[in-house]
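So that you can tell them apart, the chains are marked A, B, C and D in the order they are listed, and the count of residues begins at 1 in each.
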Amino acid sequence: MARVVVDVVMKPEILDPQGQAILGALGRLGIEGVREVRQGKHFELDVEDGLDDQTLHRLADTLLANPVIEDFTIHR
Amino acid sequence: MRVAPRVGVLTFPGSLDDRDALRAVRLAGAEAVPLWHGEKWLSDVVAVVLPGGFSYGDYLRAGAIARFSPAMASVIDGARNGMPVLGICNGFQVLCEAHLLPGALIRNDHRKFVCRDQQLRIENNRTDWTSGYEENQQIVVPLKNGEGGYVADRATLDELEAEGRVVARYVGDNPNGSYRDIAGITNAEGNVVGLMPHPEHAVEDLTGPSTDGLAFFTSVLQKLVGTPA
Amino acid sequence: MTSAPVQRPPVDTVKNAKKNSEDKQPYRELGLADNEYARIKEILGRRPTSSELAMYSVMWSEHCSYKSSKVHLRQFGEKVPDAAKDILLVGMGENAGVVDIGDGWAVTFKIESHNHPSYVEPHQGAATGVGGIVRDILTMGARPVAVLDSLRFGPAEAPDTGRVLPGVVSGVGGYGNCLGLPNIGGELVFDPTYLGNPLVNALCVGVLRADGIKLAKAEGAGSKVVLFGARTGGDGIGGASVLASASFEAEGERKRPAVQVGDPFAEKVLIECCLEIFAADLVTGIQDLGAAGLSCATTELAAAGSGGMAVDLDLAPLRDQTLVPEEILMSESQERMMAVVTPDNLAAFMAICEKWDVTATVIGEVNDSGRLTMRWHGEKIVDVPPRSLAHEGPVYQRPIGRPYDQDALNGDHGNGLPRPKTGDKLCATGLKLIASPNLADKSWVTDQYDRYVLGNTVLAQPEDAGMVRVSEDGVLGLALAVDGNGRYTRLDPYAGAQLALAEAYRNVATTGARPLAVTNCLNFGSPEDPAVMWQFSEAVRGLADGCQQLGIPVTGGNVSFYNQTGRTPILPTPVIGVLGVIDDVTRRTPMAFTQDGHQLYLLGDTRDEFGGSEWANVVHGFLGGKPPKVDLDREKLLADVLINASRDGLIDAAHDVSDGGLFVALAESCLRGTTGARIVVPDDEDPFVFLFSESAGRAIVAVPRSEEVRFTDMCTARGLPARRIGVLDILESAIEVQGQFRLPIGELRRAWSGTLPALFG
Amino acid sequence: MARVVVDVVMKPEILDPQGQAILGALGRLGIEGVREVRQGKHFELDVEDGLDDQTLHRLADTLLANPVIEDFTIHR
């Protein structure tokens, strides 16, 4: 059994309203020094050792991320 | 004639049901006072409603950003000093984020927004906002949310139950996966109440499924003026 | 060669365009025809700069210029009924039409498509569709008060429908709910032709004081041009990459998304900000940024005003600093507006924007030069007559040809299709119809939409029309319904458009509201296909004639062409929205059967009409013959009766009879209510035809016994056929068709409500 | 300028409807070998070098995560 992490973020050229909202809030919190925030998704999977990279990739590509607007990275 | 008490409704950027809450306050007989999140000064109101909506788009977590507004600092102070505060839907989320109420509200278990007429049981009629109901009275009010699942750790849930702080529970199908069918809770003092469904949308026959929600607003009025409104 | 850091591509200036007048330009890749490019050169007296080329290409696109549809759409203006002229405050051509509804109130409403984006990215495509139409309504100076959505997908069980539908619904809901706009109605239709090309049409309605109308014009030299709302990013400018690679050194592929992501929170804030600005009367002109973004907003404002504008494009706030002018001009970034503000009002305008945390930037000034000019890094890159972009685009009379199979289609009436003859079979047919995806319970969809927000919703789905109170301290209300029928339109586009109009009109009248005005979204295949153009021209003619006959004007709409998969077009689908007004919302007529003993009447004539029907579709998968007969005078008469009966309190419930016929209408009213119904088939009627025919111009009404005489007298006096067909029965929780079958409501409900959840989870 | 990543996940005792839904969808996709999925949030911040760890921690603890139901990790 292994822990696999998949991070999904909006493609850089796509608007990220979530990140923008956080950036706006930082001012009110009195926190300075943050230039840019992007919010994405973070998945933690417990997978059997037999699960191959290709399947994992398919899983990320079809289920975890929406490739039209998002990129993902797999950390095995 | 006695002057009607001033009940404020706090609007954040992205609040949606603020006009409805103002209307409900008015229909109950109080003076409805619009409040703006950017103002620390609460305009001499004696009770506050945090309305429904999507403050700041609810992009991060529902209510997470709104709680930092200047007006909220005053609401938190007031609440700690016994001022009646009702958080409806997004307002409930703000109250949890501000730690005026325990627990949190997460994405509905079916992961869809849901709008429907919901049956509730009022289990605690000793709060500032529910004294106008009979204990265990069943009412129907609209429910509409995407992140309405009430969650807390077991100790908190047990404590809420033991102290009778579950104000309202869903009757029938649980619409959003809330733990123990919890629809609303109160703080220990009974002045701060959070509720996921929308009583302010059940105050007129013409536009709501019932007028069952009005008693939330008449309850607080009664508390404020001391005699039945 | 130097290895200098990435250099900005050289900007194509007006000076440069004059000098190198014969430079090759990629106009074809941008969708401009040879003759169109030649005309641009003629207008400018030189070749366009690449920025100008970008602007002409988007403004002269089918989407913005209506070049294939214009010659047909003119009829809507020409055939405005006389009676309607004084209520029409703003007609076609503006962002949305405005009608006077009395008491000093006006209403603006419009429907628009977002079909193609919703196929690529269903959630965002649908969401930005809602966002776009809401901005159109806002632009007129109105507070948006409700939305409706008309949706069409491929077969319900097709895997791709399982991808597209949930995304579209969550997009429509996610955006509308977050804006705080109640969703009060719409459509949900499945047909194989929409599989690769779903239809997502969104309608928004707004309310304003009749003297508060805002227009898109830049008047008054010296006034400031303010861009406000979201920053401009590289959204929706796939086309511009052609320009970039052709006119700049092609240094790798430029990454520009074709998909736009919406930010409903930004739009909500923008709405409140604009309404505060309107209330303080701080703008002389305003325009939303939709298709063609800045190109469209600047040219339309300038063209409608005193004729000149100078813009400094460097000042436009950008989300992506690498954007070049061509891209900035074409970007379709959402949640942006442009206003024209006199210097006196500027400080107050900016203060309101600041209150709402809305970025606002003066990017130019109105002048009387008659030219729209733009600068970039100090150089002039655009110098055009604005009307040439906004109003003087190409106009085509596309070839029209009746489809080769039209006669065969109309000739095959399906007379041989077996019809149910026994009570059991009639009952089974009814159950099958009510459980079919087109007729089944839509609450899987509509429960994802907030119908309560704003607290003025009087009726919402599944009622025949949505109804909202105009102001909370009055009883004046407005009602809206939206309908379309692709199968009818395929069989006869002229009649199909009129049937859609008639149905929406009838739906509005059923609730007790008086139909007042029309909006439409015309979803068709390629205008370059003569058969499609025939369908289109017939549908427009039918709609224009129909509106004239009904006495209600078309106030605006939208055309969506190129809805096809490969070379196969969708069913021609005009979607019609009808707006109505009701003097007293407390007198509305709901659809639910709730009162024991009330008498059930069927209004109108039932004929043996099954061409294009749900029965032929669901039971036999058959499409052929002729659609039901259109009789608009009868529709008017029916509407008059329904409206008067509501006003005089003669009826307690009403429901229009359309898809699936009388049986489906009865079932829906029983399911919505608390009583069963006992029905008698009149002796002279065939039970199957009586129950399932889709003859138009009909409705069922529940009449209290005490009002029966007055009601039937009214029908007789006006010459409207009204037949008593049964009675409501609180003890009988079934639909009982005497001598035929008895169908318990529980069984009916299971069949009706199980379908969509089983398909979509 | 530095890139900081903050990952936020639900505490193990809190139900994670989104993770459960993904797990359910895996079966339909014919992907086997995944035992557990949890969905969290992934933030990418561009921060000035001067921003200290304490501020970052406060930012995560008060804004990015709700400690009542969520845990977070900061990767600097």
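Quick note on the criterion: contacts are C-beta pairs under 8 Å (C-beta built on N, C-alpha and C of every residue); 3 or more make two chains touch, one makes a residue touch a chain.
Remember, it's a predicted structure, so these values are computed and weren't measured experimentally.
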Check your understanding: Count the touching C-beta pairs: is A-C or B-C ahead?
Key -> B-C
Revision key, fill the gap. Whole-angstrom distance, CA centroid of subunit B to CA centroid of subunit C, is 36
Point to revise | Inter-centroid spacing, subunit D versus subunit C (mean Cα positions, whole Å) | key: 40
Review point. How big is the gap, in whole Å, between where the Cα atoms of subunit A centre and where those of subunit B centre?
Key: 33
Check your understanding: Hey, what residues on subunit B touch two or more of the other chains?
Key -> 56-57, 59-60, 64-65, 68
Exercise for review: Going through subunit C residue by residue, note those that touch at least 2 other chains and give them in order.
Suggested key: 263, 265-266, 357
Study note, to complete from the structure: Residue numbers in subunit D touching two or more further chains are 63-64
Review point. Every pair of chains that touch: which are they?
Key: A-B, A-C, A-D, B-C, B-D
Review point. Which of the residues in subunit C come into contact with subunit B in the complex?
Key: 170, 173-174, 177-180, 263-266, 268-269, 272, 355-357, 446-458, 469, 472, 585-586
Check your understanding: In the complex of these two chains, what residues of subunit A are touching subunit C?
Key -> 10-17, 20-21, 24, 66, 68-69
Review point. For subunit A, which residues are in contact with subunit B within the complex?
Key: 17-18, 21-22, 24-25, 28-29, 39
Study note, to complete from the structure: Contacts from subunit D onto subunit A in the complex sit at residues 1, 7-9, 19, 22, 25-26, 29, 31, 33-48, 50-51, 55, 58-59, 62-64
Point to revise | Parts of subunit B lying in touch with subunit D, wherever the complex brings them together | key: 60-61, 64-65, 68, 96-97, 99, 102-104, 106-111, 149, 151-154, 177, 179
